[in-house]
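Next, two complexes with chain A in common: one pairs it with chain B, the other with chain C.
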Partner chain A sequence: MNREALHFAVRNGKLLVGLAVLLPLLALALLGPALAEGDPNAYVGTPAQAPSGEYWFGTTMFGQDVFAQFVYGLRVTFLVGLLGGGLAALIGMAVGFTAGYRGGLVDEVLNMLTNIVLVLPALAVLLVVNAYLGVRSVSVQALFIGLTSWPWAARAIRAQTFSLRSRDFVDLARLSGVRTWKIITREIAPNMSSYLFMTFILLFGGSVLIAASLDFIGLGPTQGVSLGLMLNNAARWSALHLGMWWWFIPPGAGITVIVGALYVMNVGLDEVFNPRLREL
Partner chain B sequence: MRRYFGRKLLVYGLTFLVAVTVNWMIPRFMPGDPVQSMIARANVSQPAAVEAMRAHYTSLFGFDLPLWKQYANFWAALFRGDLGISVWLFPTPVTDVIVRAVPYTLALLVPAILLSWWAGNRFGAFAARRRWLENTALPVGYVLTATPYMWLAILMAWGLGVVAGIFPVAGGYGFALRPGWSAEFLGSLALHWVLPFLSLFLVAFGGWAIGMRNMIIYELEADYANYLAALGAPRRLIRRYAFRNAVLPQITGLALQLGVLVAGALVTEIVFSYPGLGHLILQAIQNQDFFLLQGTFLFIVVGVLIANFVIDVVYVLVDPRIRTGMGGEAA
Partner chain C sequence: MLRLDAVTKTYRVGAFGGRTLTAVDGVSLDLVPGEVVSLIGESGSGKTTVGRMILGLTPVSGGSITLDGAPVRPGKDYYRQVQGVFQDPFSCYNPIFKVDRVLQMIREEYFPGTAGAQWEEKVAESLEAVRLAPALVLGKYPHQLSGGQLQRLLIARALLLGPRFLVADEITSMLDASTRIDVLNLLADLKSRGLGVLFVTHDLSLGNYVSERAVVLHRGRVVESGPTGLVFGNPLHPYTARLLDSVPRLTARWDGVPQEPVPDTPEPSVLVEAEPGHFVRRVPAPELRSVS
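== the complex of A and B ==
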């Protein structure tokens, strides 16, 4: 990032608001488990207690500490976003750069592949895959999310690459005999780095939402805790009808705030990098 | 135009092929043994009974045949409309179970998708460049799109159902009623429909409104808008032109969002125990009913493909550039 972008970044309200929301939550996810030590699923207190000084977010129907679960769940949420979104971004970049730069038959084939994965409803595929997995873990969940959610990113990156590929500096590199791989990483990718970063942010948010849905349906990680699993448990043990709002509000709010902050940050970044959108 | 539809149909055909192949491959090549877990669920201890069940399930999946034959049989059964027998509702065929649930899902999804798209676009176009609306409504829109569908559904069920007691929170109709055409049943059906519909509608609405607002701002900065303004055209007229141009990417967006919307409907149905496909999926997972799960998967894929095709047709009707073969954005 250059100094001009930084100048606008520290003055961009949306970006700052997004960061101000996201960073404390990230800190909580990283440091929280040190605060709430022990197994988040342990039965520690009186069941179905409302929030109090001792249990900040109350306890579940079985006497588990909702705050401890929330903190560990946050960590899983960030992890799924990072791994799933990261993998999707990598695949999207690989496919997008190759298709956009090479063109021709390679482009046709990759484009067809992209379109096929694009119309397949991701959650439905993930449901079937996860149902057959006997033991499910966060990383495997993220792996499959990454494998199914890359197509729109590939499309977008392909279009960007397409517009960059006939620029003079790329032609010059090609004429001087630079290898294709190097042209892509040295000439093309740096010129759309802001775009790539924003794509990653959106993929991150998407992974978090998909993982939450999977967990909620009951196909979450077999061990441990996540925000989606908390919602799943709350719904399964009728927290709704028992009026235990402290059980289902924090996990959903956590997901919403994280993803919402990411989206707002993304708009802010767009304004930082795109001079036409800057509010002066 | 023929080329446009030809390409689209080729993609959809290939997608269906891939979906069926994935569906066939997963039980065979994933770690974990579906036969074993189905036997475990039945909870029998006699070795003889276990052996008989193993043989039964193995032949049901066709695991005892060579692979290519299993694959051919899978397709043959599919074309006969045979998706296997449900384990959860034994011995009802999976196709029957699904066909009974589909109307409920469609009744939720179709109005929610169409209305949220229409209202979101209208509202987004209206809010653009109106400072007070942009400052109040846009943040709300961002929060709405970031909301997991099931969470908004839970909040609505809790707030409007359990606490306020206005709407029922579970089922597709009153438990005491039998499905029929009586006024009482239809009334109950409508009442149970409101909350799931509303929560689907709201999440989707936020996304469309934001998308449209961003598109229309882009259009309002385009040369033709500036030219119109310079000619002294009224703002309303300029906005109308901008809206028509901004709607095109939103139609493409609708096609891209279909998978997410269907996923949203599935989890919303689970929250409200609404008797559609989402409810089936939950039961299938809880009962290790793999045939039902895979059948539902295929139904969803086919539904999404059909919807995609409908959107393609609409696009051709709306965008004259494709009709005249001049390309355009979706080609």
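== the complex of A and C ==
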């Protein structure tokens, strides 16, 4: 199965295009410190300079190197998306699979918990928590985002599990003496792997956006820089009106391209995982 | 012997589970190795639920199911002896995996130590028993095989365990006429090799063709049971008689079935032995056909 999935994966255009866009950005983020040395917030050049050979993405109104900020911001964005989205996806899957498969009272209790977290105004909670605990690091920010954004994922996965659980192949696995945990991970989850990946992508994008909102109101990580912070700085200093397109286009395009590439990959992965969608 | 004793299944329905719905009401039957018992009833009569309760897929609300006198505990030991085949072969396979997986599961759970060659031999043997050529089915995806092939592969899967009892829930209803006879003959084969089969069906002619004993289920209750020849040759309960009347005949024009409702059985009602081995649920006197 795995070798065969790989066979179709390397021949799937959508998956390859998504990867071709995503991997260079990921490489850029990982290699960031090597490419742009020093503090990305340092005032290094002439203010408000258009892109040039010296400063590839120009400089901000205060003479900071936009490329350096972009590269470091990319790191933070990937990190927040990965940690926040990953944590939310894990909680969502655990709750969704358990509630959907077990049903009955377990489902009732977990569903109630999910609904409570779902109706909590997440941003307000994050504000209060951040203000009280003085959160100033990216990983803690990601932790809070992860802990508040899982409910809809849990609900979606629960619904999907519910419909798969009643299929005969699950009963057949039970008749084969397969244990519940193994039925969930090996029979049910693979049937919705592209769905799970899609969930992760949306949670990833959502985490990036929530992080940007928090950064904007001054509750983000104080040290460092993120794409959200760059966008909001650009907006605050009227980059659009001043015609400084190089200040807001890189971070905006960065977020869009990352989420877009993941989405295209998801469509491709659906074809890889589901033999019915393959050309045979 | 697999014995069902006054097995009942009730569901809570309505808002807050205020009402109960009795799907299966006090069903008793015995299944012995080397015998096919057909469980006959219309849709909604509870026959599938009985099968699922035997297989431990649906919990029992009342009564007991015992295997050789011991209460049934669904688990590996039980499933080695009692296996099932379901109605829809297409939904029994996980569509994203090859069909071999249903056999592979058995290997992982029951024969983890078996060497590759030995296992292949075992698979080939049970595929032969259901008259499937290994090269034709192994390594294929479910949507690449026909319903008949998939269904026979599922029977082969059950045979790998060497079970003593098989619950066959409407296993021929998704098959076309020619493969249906194939599968029925296969069941007869297995029976002669000592397998006890509960053949759940809505089709009387199939039940008549394949089984020694017949149990007729109506609204969750057994209304008539006994040797197939007696039940079908001399139906005593009006419901059974109506079922038999509604079997389409090849030569006669079908003029429809009398649609008057089957009288509800008065409470309490019991099964009475009308002739040796032939039980019928007592109904109001004028309705009961005389034993001829």
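General remarks:
Everything that follows uses one rule, which is that the second predicted complex is superposed on the first by the 211 of 280 C-alpha atoms of A that agree within 3 Å, B and C clash if a C-alpha of one lies under 4 Å from a C-alpha of the other, contacts with A are read in each partner's own complex, and residues count from 1 in each chain.
Convention: a residue touches a chain if its C-beta (ideal position, glycine included) is under 8 Å from a C-beta of that chain, and two chains touch if they have at least 3 such contacts.
It should be emphasised that the depicted structure is a prediction, and the values quoted were computed from it without experimental measurement.
Of the two partner chains, chain C is the only one touched by A:Asp171; chain B is not. Once the two complexes are overlaid on the shared chain, A:Arg276 sits against chain B and chain C alike. Judged by the touch definition given at the top, the superposed model places A:Leu147 against neither chain B nor chain C. Comparing chain B with chain C, the partner in contact with more residues of chain A is B.
Of the two partner chains placed by superposition, only chain B is touched by A:Gly260; chain C is not. When the two complexes are overlaid on their common chain A, residue A:Leu26 makes contact with neither chain B nor chain C.
In the superposition on chain A, contact is made by A:Pro190 with chain C only, not with chain B. In the superposed model, A:Leu127 lies in contact with chain B only, and not with chain C. The intersection of chain A residues touching chain B with those touching chain C, taken from the two complexes, comprises 276. For chain A in complex with chain C, the residues that touch the partner chain are 1, 167-169, 171-178, 187, 190-191, 273-276. Taken together, the chain A residues at the contact with chain B in this complex read 112, 115-116, 118-125, 127-129, 131-135, 152, 205, 209-210, 212-213, 216-219, 228, 231, 234-235, 240-241, 243, 245, 248-249, 251-253, 255-260, 262-264, 267, 276.
Those residues of chain C that touch chain A in the shared complex are 55-57, 74-76, 79, 83-84, 86-88, 91-98, 102, 105-106, 109-110, 141, 143, 154. For chain B in complex with chain A, the touching residues are 10-12, 14-15, 18-19, 22-23, 26-27, 30-34, 37, 139, 142-143, 145-152, 154-155, 157-158, 161-163, 169, 221, 255-256, 258-260, 262-263, 266-267, 270-271, 281-282, 284-286, 290, 293-294, 296-297, 300-301, 304-305, 308.
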